[in-house]
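The structures come next, written out as structure tokens.
Same chain, two partners: subunit A is paired with subunit B first, then with subunit C.
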Partner chain A sequence: MADTAPVWAVVLLPFALAAAAVLVAGFDAVLAAAAEGGRPGRPLRAAPAPLRAGLRLLGQQPRRTTAGDPWLGRIGIALVPVAAVLAGAVLPWGFRAVTDPVVGVVWFNAMEALAWAAVWLAGWGPNSALSLVGGYRFLAQGLAYELPHMLALTTAALGAESLRVGEVVAGQRGLWFAVWMPVAFAVFLLSALAMAFWGPFDHPLGRDAAGGAAAEYAGVDRLVLLAGRWLLLVVTAGFSVPLFLGGGHGPWLPAWAWTLLKTAAVLGLLVAGRRLLPTLRMERYVEFAWTVLVPLTLLQALAVAIVVLER
Partner chain B sequence: MGLREALRRIGTRHPAVLLAVHPGGTKTRLAVEAGLRRRGWPVAASPAAASGLLVVGSGGAGAGEWTDALWRQLPYPKSRSAVTEAEGVETALDGLLRTLTAPAGAGVAGHVGPGEGEARGRLRAGPGGHGAHDAHAAHLPHAGPVAGLPMAERADDRDGLRLDRLHLPLGPGLADWPAGLVLDVALQGDVVQHAEVRITAPAAEELPYWDEPWLRAARGEEVGRGAAHRRCCAAHLDSIARLLAVSGWPDPAARARRLRDAVLDGAPGQEWGAELGRLGRRVRRSRLLRELTAGLGALPGARARRFGVTGPALAADGDAYDRLLTWLDEAALCAAGVDDDRPLAPHGQHDKQGPRGRLDGPRPPSQALLDALPGLLRGAEFTSARVIVASLDPDLDELAVAAHG
Partner chain C sequence: MPDDVVFWVLAVPAVASGAMVFRYDSMARATYALLLSLLCVGGLVIRLGLDYLGVVVILMMTIEMALMAVFMVMFMMNPAGLLPMSMVHNKRGAAAVSAAVFVLLAAGIVLAPWPGRRGKPDADPTMALGESLMGPHMLTMMTLGLALFTTIVATVVLATGRGRYDRFGDDLCARRPADPVRPGARR
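== the complex of A and B ==
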């Protein structure tokens, strides 16, 4: 079982997540600049682009739309980073999390589900057709990915015979879950992207709908929504480390360093992988999710259950 | 104050720019896109995401109305600039930046329109979709206006339910959208029930950019085949870039745009030929893209012929994906011919084929594409509708020729 971190970790957590989010966003900006190829050989100069964009949004006037419901929208927007940070509370750094409740895995999933409401409310708020389309797209996305996602979470918990994140990590002392639950791991990575509505699951904020749920937000509103999305990506990707990649377990290096390395590797994979794929449309993906992923994850869970019973 | 000022300047150094492209402004648009790429400035997808508005090309009478509406929707601090000639792009972009980085209090830039300060993002089809309700406000049977806006009306949907039905204009200011095109759609949920094409006619001063070599040859001027092939290749790459961007695949879209600019810059074929091949292979290899675009906007050859469609959309004889592949094929074919310096024969059978179809027909090829469009959109989900429009990519610049004969 993991230790609970000292109280100051509560204060530190949002800042650490934000720093990680800025780094990942910077990495993504570099990849985007390399693809654009505007100034050959200098894509690295795009690394501070997310910070610049953040400053720009901070200095910008928020917008109001006619007959919109600004508070509904703002509650939605604010819930995105809040859900990310609350989910981050059960994320162990090394072997220590801010909190390690008995139902840590369920807590994580519940916070993720909060993001459903968040994006949908954000899309509903401005009374604008395209932003509403974006909000509803996320609901459709939720229907498509959530079922296989929950089965993947369940599989990891089943393997450790506990819903406590610390015990899931402890259960991987000898062998990472990713090795003997590859399907669950892959599905979790997919849903990490979907959860953070990050490409190829970025349809709710799709450019084809002028930014979808984010279409009408400017200034701080926009900053909170988009930054919250990066936080969600960092947290969900980071959660794959205690669930499937052995958490802080590893030779030579201290546990926190292993957590950091593994998280960075997963994030790098997800961010770079996005560039290989076009945006998935849920009316097509849902079929794949329900006819392929759900049976596969069920079989995976069955296999794990048999192993656990035999143990 | 010094620190705040410095931070503000850093934040505004790379402003996101919203492009409002008038029909007829293709050449200028290409220069603007290249200029933005050189500077590393993002292109905004909606007014809310933008700090600068760049009006590209010169519209005809009444064309300022929708750009003014867009301008009103931008949040402060904002800056506006206009460019009509490809040569003026750098000046216009510098102008945008100057106003944005000017010391605070120096005022907001550009032109202050009526109703300034009152954000008007009412139920509308995103950027440029102003006046969403004006046309339909008069005949609402079941509800009065709410906050000055009419409620959605109801109608039967495809499953026989009565659902809200919303009338929206799509365009003319959407990203990766044909300049000057407005689609008046009736949406139920995000399914297009009905679509009508409304066209902003281009100011007919110049020949349409993409068709220029063939039309000049038809007028008896001497145009090299290589130049025509170059233009054709670039036109297809432009269409490919838009379709990929609408499909949410920004990397290859950026690559197609970069290639397009290299082709138009007159770079020798061996510099970009291999890159074109790589782009084609990458797009073809993506099974996912095929899954996502297959079956959208199916336009079989016989039906296309009935609408008078010629060119790639007819040759594709299929859906959005087939049209994408046809563009890739034709772009590769054109690329092979860029070093051909024989003149274009004005009466040769194969030399009247512009990027979007035969240019010697009774109507410009894009008119046929526009005629076919509403039928293809009926019943399509919102994104599919965007993909269908992008896969036909009608060029409204061509309609100026029709107006002038």
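== the complex of A and C ==
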């Protein structure tokens, strides 16, 4: 079950993730165009918009600010996609991941935490009040989502009695974890959105702060930051498949096809779903997360632990 | 040979960025230099074969340093390094103390009669760690956890200007907290 992919997968991984990110961004652009109205069939033309925007950013001049700390800012920006790709290394395609370490679930969480710290750095770098506000918002957001998120990860690992992603997938041969750990699954999806500061959790890059953490970035800097955000969304949403949706398990189709289908379904749900919800202010979500989500996920973990003990 | 390369690739930046913490005059740089140092240490722990502990070091230190950056920026007089400032105070005394501590520790490493390894390392160190924490050391860990948690709660209670008695009244029976900003989950 826990096969390691051949070496070329290491090279392929960033490109595969980037391609997925471009596709998802294209889907989002289509939804945005459809929301604006227009003749039927017209919104599809918006699909290559993210590519166009990316090319435009490549040609744009990066912005300099007075007395900024461009080193820290750039490190922060670069860390976002790097952390996403490193987290993606434990993501199994079918039943094979680039690497399947014994503590894969913890590794994934550690890389997510790196991205979390990175956005604060990106907000700090330009020495601009609005971008710093964005960075601080993301830290506050992390305090809100990280605890229930960790408990959701723990619950899945508990159900499989292993921290190895391959064994978590193997543990769902008969029954998906999403079926008997619905709370953990829902919390994981929420935190996947929050992790990618996306949808109702996009306050760190909010319009009310002129773009927040990304406010002062133009050109390649902005491209790397925003592309890294799409990568984070793809990777975290993709990780819900091996954790809760049975990974490559499924009838008829080969394992890689099931992984692809399930990942696409989760991403579609998240991208479409964010259009239904307004941006959340984090002090509100912190209270909800700590008084409602943490006890719920703890109860979920307790239930799973009892099932595992009785098994 | 590859083990040596990995060791030096991680050890040199760990020490170097640890030293840079005291050279930078920007709190953000100092904090993240410390984080880099701790990430390298986490890598070294993984190198020792303790995967779980190593990755947890990386995870916890990242979160901790990100939060610490916020507090450092809040409390330091020159967070962004825009003014000349030194991270080192009482330079001569500090140099003497740290040199003495270094000599003491290094002498300890060289002179201590280290015991030879008895038995073999566990096949699954993560499992062994879990069994140790949840088995023979359970009572210690529970007590420790409770003490730490009590300390955190007590510190917050002492530090906060608005505790639960301010919010819910002296007998804690107010239905709605008297908050300047209405809180989220009770709207």
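Following the convention adopted for this analysis, the second predicted complex is superposed on the first by the 306 of 311 C-alpha atoms of A that agree within 3 Å, B and C clash if a C-alpha of one lies under 4 Å from a C-alpha of the other, contacts with A are read in each partner's own complex, and residues count from 1 in each chain.
Rule of thumb we're sticking to: contacts are C-beta pairs under 8 Å (C-beta built on N, C-alpha and C of every residue); 3 or more make two chains touch, one makes a residue touch a chain.
Just so you know, these numbers come straight off a predicted model, no measurement behind them.
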{"item": "Which superposed partner A:61 touches (first subunit B, second subunit C, both, neither)", "value": "first"}
{"item": "First, second, both or neither for A:80, with subunit B first and subunit C second", "value": "neither"}
{"item": "Partner chain in contact with A:286 - subunit B first, subunit C second, else both or neither", "value": "second"}
{"item": "Contacts of A:160 with subunit B and subunit C, given as first, second, both or neither", "value": "neither"}
{"item": "Subunit B versus subunit C as contact partner of A:142, first or second or both or neither", "value": "second"}
{"item": "Partner, of subunit C and subunit B, that touches more residues belonging to subunit A", "value": "B"}
{"item": "Partner chain in contact with A:270 - subunit B first, subunit C second, else both or neither", "value": "neither"}
{"item": "Touching partner for A:35 - first (subunit B), second (subunit C), both, neither", "value": "first"}
{"item": "Touching partner for A:109 - first (subunit B), second (subunit C), both, neither", "value": "second"}
{"item": "Which superposed partner A:127 touches (first subunit B, second subunit C, both, neither)", "value": "both"}
{"item": "Common interface positions of subunit A, toward subunit B and toward subunit C", "value": "67, 127, 136, 281, 283-284"}
{"item": "Residue ranges of subunit A in contact with subunit B within the complex", "value": "32-33, 35-39, 45-46, 49, 52-68, 126-130, 133, 136-137, 199-200, 202-203, 206-211, 214-219, 222, 275-281, 283-284"}
{"item": "Of subunit C, residues touching subunit A in the complex", "value": "26, 28-29, 32, 35, 51-52, 55-56, 58-59, 62-63, 65-67, 69-70, 80-82, 124, 126, 181, 183-186"}
{"item": "Subunit A to subunit C touching residues, read off their complex", "value": "67, 69, 71-72, 75, 101-103, 106-107, 109-110, 113-114, 116-117, 120-121, 124, 127, 136, 139, 142, 146, 163, 281, 283-288, 291-292"}
{"item": "In the complex, subunit B residues that touch subunit A", "value": "7-8, 10-16, 37-40, 45-46, 48-49, 51, 73, 75-77, 119-127, 132, 146-149, 166, 168, 174-176, 187, 189-190, 244-251, 254-255, 258, 286, 288-289, 291-292, 381-384, 386-387"}
